[in-house]
Each structure stands twice: as C-alpha cells, then as structure tokens.
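For reference, chains read A, B and C in written order, and residue numbers begin at 1 within each chain.
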C-alpha cells in the first residue's frame, strides 16, 4: 500500500470537503461510542478489568520471550508449525512459500490487519496466488481496490451507494440499494470461494501459550469458514498477541467486544489448535502460525513498550475527534487514529509519519477509553520529542518555539513581550473587541475571530494596584 | 534466523542476563495455576439464576430459545421448527447425545449425519455447555461433531442441556479441561447469536456468512 | 485565630495575563473569599506547555525549574486553567528520578490546583453570591477534565448561584479543537472541531458559554463570533466572583 502519511494535511483537506465521506463518518460517531457506553454501564467491574488487563499485559511483555517459547512448543506438540518473521518481507515470503507447497491457486482470507501491514494481497497476486477477502467490509474494499480506513469496521468510509455500485459492477446483477440484498449477494458470491480455496488465511486476536491455540473474534462467520474448509490454515499474527492461559485470554475477551462495537461478546469466538485430528471429519490438514515482528521487538524495553498492550479494539479512533473529522485514510497508512499515530512512525519511520503524532490536541479521550490504559497522548508526545531531537520538527515551528522559549525563560523580557503584544492586539481590536484578520495568524483568523485583550495585562494592572 | 533475532531483541530490550531462572519460574507458575482473573458478579449466580440469565442474554443476541422438558421432546420440536420454516432438509452431528431421538418420520424431512456442505438448509448439533454471562454456546470439534455444521447451513439448531449451563467463561474452561484434558480439540467454538455484519453503513444485518438463524433447544431435565 | 491566613501563589497563566486580566482578578477575589492570602510571584511566566508539546524537553525543563522556584514557599499554587495546572503536574516527567529537581517537581505538583477544584475543597459555598443571571452552558476543557478530574466542581459552585440556570450541551466533554499549537498547525481540522462545538452550544439556547480554560474560550468565542452566533462567553470564575460588569470575551467595549 502506498504510504501517504506525509500528505496528512492535504489528505485532511480533501476528506473535510468530501461530503459523502463526512456522511459516512457520521454513522461511526452515531454508532460505536454510544453502544460502548451502554455495554459498560451494564458491567460495573469494567474499570477494574481494565486495570487487570493493563497489569497482565505488562507481565506478559516482561516475559514475552518465554510465553512465545511456550506457545511455539505447544503449537508444535499439536502438530502445527510456527514461522518467525522479523520483517514484513520475511512474512510475505514465508506465506507464499506455504501456498506454493500446497500448489494453491486461491486463498480465502479472514479479516487481518497484520496482513494489511505486510501488504500480503499485492504480493500474493504478483506471484500468481489469488487472495479473496471474505469479511464483508474487506470484500467490498477488494472489489473497489481500496484499503481499510478503520481496524474493526474497514469500510466505514463508504456509503451504501458506493457498495451498491461496486456490487453492480462486479456481480452482474441488478443494482440494489438494500443492505440486506447486498449482503445476500456477497454471501452467495463467497460461498463458492470458501469451498474452492486451497488455503485459508486468518489473523488472530490472541495466541494462547498454554494450549498453543489461536483465537479469532468475529461476527460474520467468514473467518470460521476460511479456517475450516481449505486444506491448509495459516494464521498470521504479531508477536505481542500472546497470552498465558485461557483464563487470561478471557480477561481480554471481556473488554474487547465491549470496547470495540459495544457488543457483550462477538458472535463467534473460535479457538484453533493444530490441524484436524485423524478422527475428525472436517478441518484443515495443515496448521501454520506465521509470527510477525516488523519492529515490535524493538519497542520492548522502550517508552513505546506500552503500545504493545494494544488489543486492536478501535475504541481510541471511534472516540477521537480528529479521526472523526478526517477518517482513517487521511492517516496515509494501515493503522489510523491515535493508535496509528503511535504505531505508524515505528513501522514506516518518523521521518515519513511525523505529521501523525502531531495531529492531536492531546484531548486525552483515547486514553480515557483504551481498555488496556495505553497513555496514547504521552506516546504521541514521545514521537514529538524524537522529532525535536532529530531536528525533524518543521523549521518555522522550531524557531517559533525557540524564540518564545527565549522569552519564557526571562521573566522581565517576557513581561515586556506580553505588554507589547497586548497593546498591539488592543490597538487592532479597537472598539470591536476582536480582530477579524491578523498578519501571520492566518491559521487562526481564516476561521475565527481573535478576541482582543480587555485591558492592560494583568501583571501591569496588578503592579498599578499595589 | 529470524527467530533468534527476534528473541535476541526482546531479551536485549528487557535487559535479560544469562540467568533468568526467576522469570521462568514466574511464567511456569502462571501457566500451571490457570488462575481466574476478576469474574464479574453478574456471572456468579446459583444454577437456576444462571439458566435465567442464559436465556435472557441468548435472546438479546438474537438467538431463538425453545424450552423443552425432556430430551425425548427434541426430535418433535426440531421437526416442528423446520416445518414451520418450510425446511425439509437437516444435517446432523453423529453425536451420541443426538442418537435415539424419536423422529416421527412423517413429512418430507431428509435427515443425514455428515459434515455440512454448501447449500445445506439446516443443521442440528449438541452444545457442550452454555455460558450464562453472555448467552454463549460452547461446542467443539470431534469425530462426532464436525465444525462445518456450526457455520455452513443457513439455520443452526442446537440442543443444550440446562444442566450444562455455567455462569462465567472460566467455569466453561474448567469443564472443558475436565472433559478433554489440557490438550484442546482442533476447534472450540463460542457462539453468541446468529451471524451478522454492520459493514454496510453501520447498519446491522443478520446472516452474513454464518447461519442466519440460531435456534437453541434448551432441555430442562435429562 | 492567631494562625496567619495560608498563602496561595496565583499562577496567572499567559492567556489570562495577556487577554483577560479579569480572570486573574476574579481568581484573587475568590481565593480571598475562601480565606487565603494571595500573592502573585514575579518570576512566573508560562507553564511551558508549548515547548513540552512540541518535543522541546530542554526548554520545558528550564521553564519548569523557573516555575518551581517562583512558587517555592507557598502552601498552594492555584491557577484558572486545567491545562496550565495540568502542565505543572507533568513537571516530574521532565527530570530523571535521580535528579533532585524531580523531587521538587513532585512537591510542586502536590500543591498545585486548578481554581474550581480548589474552591470546591476550600470555599464555604454559602459565601458565593453573584448578580449574574441567565442560561449558561458549560464546556469541559480536556486537560482539566481528564488530567485533573474536573467535572462536577464548577457545576456545584454554579449551582449555589440562584441566577444561573445550566443547560448542558451535547458532547460537552468533546475537545473544542484548540489544542495549543494544534489550532494553527492543523487549522482546517481545528475549524471542523470548533464548528461542531459551536453547533452544540447554539443548540442549547443558552445565552452564556462558560468554561475553565481561556484557550478553549478564545477558540470557541472566535468561532461563535465569526458565525454570528449571539452567545456571550466568560471564564467561570468571572461569574462566581460576580465580576460580570465588563464586556464578555471578545465583545465590543462600552456598549
């Protein structure tokens, strides 16, 4: 996927003027946050669960190597194979290799953000293997040659008309704008694919060390068909998703659906352990787990380690006013919203993604809703620190802060600066009490008036009164 | 190659020296204890109340609940449900809990014990247990319970013994381990309601890829 | 009653100093009403937030040291902004734990309060009286709300004033889009956010917008005025201190 994070501002401009996108984003705002609030209201222990989840994740990360080892041992003991991939490239090659061994022509895919991260579809296609997305949202995107704009609701940026058009074009059926009819169409189209596929690829929400199992949490059932019908099941997951036991997984499951969609529980929570047993009547004959690192092990032991607690629930973006204004694709890569603003610089470089951690007012709503209490604003600030250290902060901003800090560190000069600015603004504000246009402050006055000071500075007046 | 590199980076990041006996012990302890984390009050109830909660939560998830007094009523109830919905075909698990049912043999119902195939109208399987906390069914794969039955047919009918209903998920894990041991079957399913998607404009539609309808036949006494 | 009155150092904040001195005077009045001796240390400037949020930790730390020294010896440090006081609470992060300044920063943090939360703890609320009367709506500024837990305090204080009728707006807790340098770095997004906010304010039918942070207030007033929405705006302390004779923020003088 082409990276356009450098164009965040341009993307945002386009998004803000895209009436259709704005309508679609309205659906998000009207949906998830209210449902989450209602679900949480029914579970008085929710905040206590969040504390436990944060602590458990911290324990896991402090023992990450050992839990991964245990997971690998148990996958192997159950007849599966674990593949370790340091980079996206390693992961793509490994997956293609497995497909080739199976002589695979088509692979069905359940929803997986990690496969987006490693740009798997493009790679498979280029190498003669046809990937078929089976999650309804991902299927729509694939037809449109589009990319997810949200980690849970990938097609949230599209409207009913968009879907109707895409289906009409690809399904050779009369155009319908009834969502039920459209879903039925997708169901019929994909049925054949599920049965015909040679390999099924899914993601994993968690990896369970105790049993060597992987779990997917879905609502559609496409993931289950994807991993049950083909001869080979490949799970693509990242390394931080390991949890010790089924009981520990349960802690996260209680938080995940409620934080994501406001459901009590996702419809299908399915554990896969190894390939089918000799006496089983169905299920895949081969079970592979591809573990992707792609920069995560470098986060261990750093300030960014806290980001590895993320369980990909999407609550942070669902509640983010910036995401809500510009949508996910504005962020210019796979992971949008607050979690993306922390992860993307790690994965594609701060020099390419510096605008993302800056595109936040630090309002703190993301941290307030994060089920594993990731201090997202603090981590975005961490990237701003890194930018400053590496002299990546744009020149004007850097010198602006430099000049301002020069004064702020010298109280007497600062008084003088405050008084002069105050006087200037009062003069231009005149009797109206506000300014409509101000040189060098276009960012402000293009959109709003600038209230003028109501009198001399407080420090002046205070001195005079004494 | 990658494996060693990844482990190296993790261990460097965590400042792990040669001796990590303590860490290993902590990990083994956690793995062996399989201790529960916080269990919501809501799920800690006497058995009768668990059954009530199960029914409430399952119905909220859009599952249909049909209550039966005895397993002997199951076949007739299934036949009735199918004929009411104009269905004449049923695929079943060869599960021992579904043997010796008193099928009427009347009508046009074609009943087979096999894995599911694309186009199947309805399936009947037996749940391992019910989880009251969220009205969730637990089923697992085995020689007599193929997983495709839970996903491919348009209608999924499930027999559930009221006696198998537990409060929280944790009790289901215990029950599962005491039945199959610590090595899990290939597939363990937790199912809460029928398939759905809100991927088109956030409007919820039932019946995405899995069953459009989930009917639970709750059997009160065995 | 031989005890001298406890001393509070007023953290004026840049915006109150430069744009709205009334806010600082109102704070002084309220603190005195609560029985404190109020002083305004000369060496204070800005809390350092612009540098901190731009990644300039060195200047942030220097400004933090200056502020810590300026407020040495006061029993409390109180300011009319959740955002600036929230910044004072970040100071310990700027110094390594082994650095003696870390301890001093922690110590400052333990004494630093946003004004409404401070008054809610220390003021005998029966002493409040205000000639203000009208329908108000209250915007919860992000830093105060989420870093300092300020939500009920201003509302409790306002509820003691018989003339004040509170009409809550939709999404009172959603950011107004100010965000310090954010509003000029990402003006279009900021504009959308403050546009949503002014819609929500207008929908309440309130005639006055109150909040506890001048940054947000200047932003919201600027937008309300630009859109020609007839809602006046004040910092909550102006109403609490009965200092409502001066024109509201951004209003013409002498009308």
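Operating definition for what follows: contacts are C-beta pairs under 8 Å (C-beta built on N, C-alpha and C of every residue); 3 or more make two chains touch, one makes a residue touch a chain.
From a predicted model like this one, the values you see are computed outputs, not experimental measurements.
Among the remaining chains, the Cα-based centre furthest from that of chain C is the centre of B. Remark: the per-chain Cα centre closest to the mean position of all protein Cα atoms belongs to A. As a whole-number value, the distance joining the C-alpha centres of chain A and chain B reads 29 Å. Averaged C-alpha coordinates put the centre of chain A at 33 Å from the centre of chain C.
Centroids built from CA atoms put chain C at 53 Å from chain B. Contacts from chain A toward chain B in the complex involve residues 24, 27-28, 30-31, 42-45, 48-49, 52, 56, 59, 62-68, 70, 77-78, 84-87, 90, 134-137, 140, 153-156, 158-160, 163, 179-180, 182-184, 186-187, 190-192, 194-195, 209-211, 213, 219-222, 224-225, 228-229, 239, 244-248, 250-251, 253-254, 261, 264-277, 279-283, 291, 293, 297-302, 305. If you check the complex, the residues on chain A that touch chain C are 9, 12-13, 16, 321-322, 325-326, 358-365, 367-368, 381, 383-389, 393, 397-398, 401-402, 404-405, 407-411, 414, 418, 421-422, 425, 431-434, 436, 441-444, 446-459, 461-462. On chain C, the positions that touch chain A within their shared complex are 12, 14, 16-22, 24-25, 40, 42-46, 48, 50-57, 59, 62-63, 66, 142-143, 145-147, 173-175, 177-194, 196, 218-219, 221-223, 225-226, 246-247, 249-254. Contact residues on chain B toward chain A in their complex (touch as defined above): 1-3, 5-7, 9-16, 20, 23-24, 26-27, 30-31, 34-38, 40-42, 57, 60-61, 114-115, 118, 134-136, 141-143, 146-148, 150-152, 169-170, 173, 182-203, 205, 207-211.
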